[in-house]
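Next, two complexes with chain A in common: one pairs it with chain B, the other with chain C.
Then we have the complex of A and B:
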């Protein structure tokens, strides 16, 4: 079967079934991390897009139930969104906005690229395959399917962990990921 | 097969591919020290556009003042590539792909006014370009850090292979701002002097403005002067989000994938990423050695342009095609003495070649790496 995870600030579904939770917004991602993952403290350093992608991909891979953490090159990670790394961009801009209080933060700057989350997932899972991030102004199922199908033109790629992964700030996000 | 139709480069070295190639061949660079620009407290060395020149060139296309500097760059570059062809950009068989990392990010600065905040979204910036050309398709924005320009070309190849489109206008661009410069400064990644790719005394990168475009199409019968995009691959290091792998894992795997069973002796050169940071260049030497390509000449073009981010993959592919058209391997400006563990065939002089294929290699934050094999007349 095709596994799917859906996360918004107040709803979590794995393969169509609602997952219980108490928290909403930013706290929801931390709650999901503690309840279902818990062994990856790097989570707490991540920006919201990475936290969202990390938690969503973990729930998805748990649902898949296949052996994990074996190095592999045949699985790609391909995400789409509308706002690229806007939450991290805004956080970094705040460190340089005021000339009297100008302290650009390398820890904030590193997350100002949307594809960092694809790297976080590759590191966690030892995926050496393709990682890609595509920005679309609108959520467009047809275009995303076309791009995912296109990615299989790489003869190495046998499966893709991919889908929509968007956030505008710490409390507003949407993940709709599946393995195809 | 997927072939190049036309191209363009807009950079501080010129407004056309021909001007840029002539400048690079002559060893020119616009890497200069900038003091106090954008109120940044520290000076920096970068290759920046003369913005008036862009304004003037754009005024010939349109009197519309609603475009940002970044949008003017991408529209101008796409326009100059399109006007060499008879392609109708209003056709739904034409797709636009934009490669960029930061687009209009300067709009996040509260002191910047005059443009709607939504234009900070990369898709909105790309839409300014497709609307300008009255193209009906949703533009695809590839934002894979510094490898975006090669990823966008791989994406273009796939869109054409699958028959969805007949032409893909692949535009790579980034323009510098306080946001980007201060970020790289905070990372201690910038060199205060013009950068020295692969050199023993290299100490970091420089940044640069550029926009570059390649238009690709699909063709059944190849003639000897056609530039064919043979194979592309994207691979991850699965190692670190901001530092390259010590084993060059992703670059090695990408190189291996694009080489396939091709005889490496047919390759004129590998155009490396060569940012001139200590780690990047070392990693590339490991990857090239592991891929069995140590006997293939290597060059890097950051000494002419700095790191142009989303433009780099497109710009450096175009210059490499130009070089082979001219039977030339471009010099690695800034390189003096080898400073990487694995010996590479580098030169700071232009070198003759009769070979007709090259590999463009890139790597970036997020542990991503990409390579594309290009061959004239489909020689690979």
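Then we have the complex of A and C:
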């Protein structure tokens, strides 16, 4: 069975089944973390793109039900989006915008690359396979499928945790992930 | 000093996103790194920024942080002796 997770600021579906929730936006991600995960305090330090990818991957892997946290090289993590790390970039820019109040934030800076989230997921799950984050002009299923098929050219890769993971700000994001 | 320790705890919670923590939850004598609050290297950099932003203290040598960031009370003591704002 192919497992899928879909998350927007006001909707959560796992394998097509809606998950109950009270909160919306970034608060929804925290609610999902507390209700379904809850053992990874680093979550609170992540930017919204990372929180989204982390929560979506956790729900997906829980749905898969396979043994977790055992080192493996056969699973790749491949994500796509349109806005790269825009929210983190904006947050970091805010810390250096004013010459009179110039205090670059290291915590904001570390998330100013979209592929940080692929690393977070790989570290959490002890995945030692390929990880990549591809920025597209728009949601393009054809291109995404082609890139995912390309990832399987690596003889080590037997499965991919991947899909669309986009975030503009705390109230605008979309995750559509599956295990292929 | 007690006021500074309390304010410092509030600033640390905010700067390091220590969700669900209140100043009362932090033991001012407990280690900030390792066993204590379990902070990491990025947190150490944020503490350096916190000291400069709020108290005008610039650490010339990042290795100084090892001593200064031992605990909230050690940090508060250093701030009270070196603050420029």
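Remarks
Criterion: the second predicted complex is superposed on the first by the 180 of 180 C-alpha atoms of A that agree within 3 Å, B and C clash if a C-alpha of one lies under 4 Å from a C-alpha of the other, contacts with A are read in each partner's own complex, and residues count from 1 in each chain.
The definition used in the following text is that a residue touches a chain if its C-beta (ideal position, glycine included) is under 8 Å from a C-beta of that chain, and two chains touch if they have at least 3 such contacts.
Source: prediction; values computed, not measured.
Superposition of the two complexes onto chain A shows chain B and chain C fitting side by side, with no clash. Contacts of A:90 after superposition on the shared chain: chain B is touched, whereas chain C is not. In the superposition on chain A, A:31 makes contact with neither chain B nor chain C. Of the two partners chain B and chain C, it is B that touches the larger number of chain A residues.
Touch criterion met: A:113 reaches chain B, while chain C stays clear of it.
Applying the stated contact rule after C-alpha superposition, one finds that A:170 touches neither chain B nor chain C. Once chain A of one complex is fitted onto chain A of the other, the partner contacts of A:44 are limited to chain C, with no touch recorded for chain B.
Contacts of A:104 after superposition on the shared chain: both chain B and chain C are touched.
Superposing the two structures on chain A brings chain B to within 7 Å of chain C, judged by their nearest Cα atoms. Taken together, the two structures place residues 104-106, 110 of chain A in contact with chain B in one case and with chain C in the other. Note for the complex: chain A touches chain C at residues 30, 41, 44-45, 103-107, 110.
The touching residues of chain A, when paired with chain B in their complex, are 71, 73, 77, 82-84, 86, 89-90, 92-93, 96-97, 99, 102, 104-106, 109-110, 112-120, 122-123, 125-138, 140, 143, 146-147, 149-151, 153-154, 156.
Partner chain A is touched in their complex by these residues of chain B: 39, 41, 101-103, 105, 108-110, 120-124, 126-127, 138-145, 151, 155, 157-159, 161-162, 164, 178-179, 182-188, 233-242, 249-250, 253, 257, 364-368.
By the touch criterion stated above, chain C contacts chain A in their complex at residues 15-19, 38, 42-43, 45-46, 49, 52-53.
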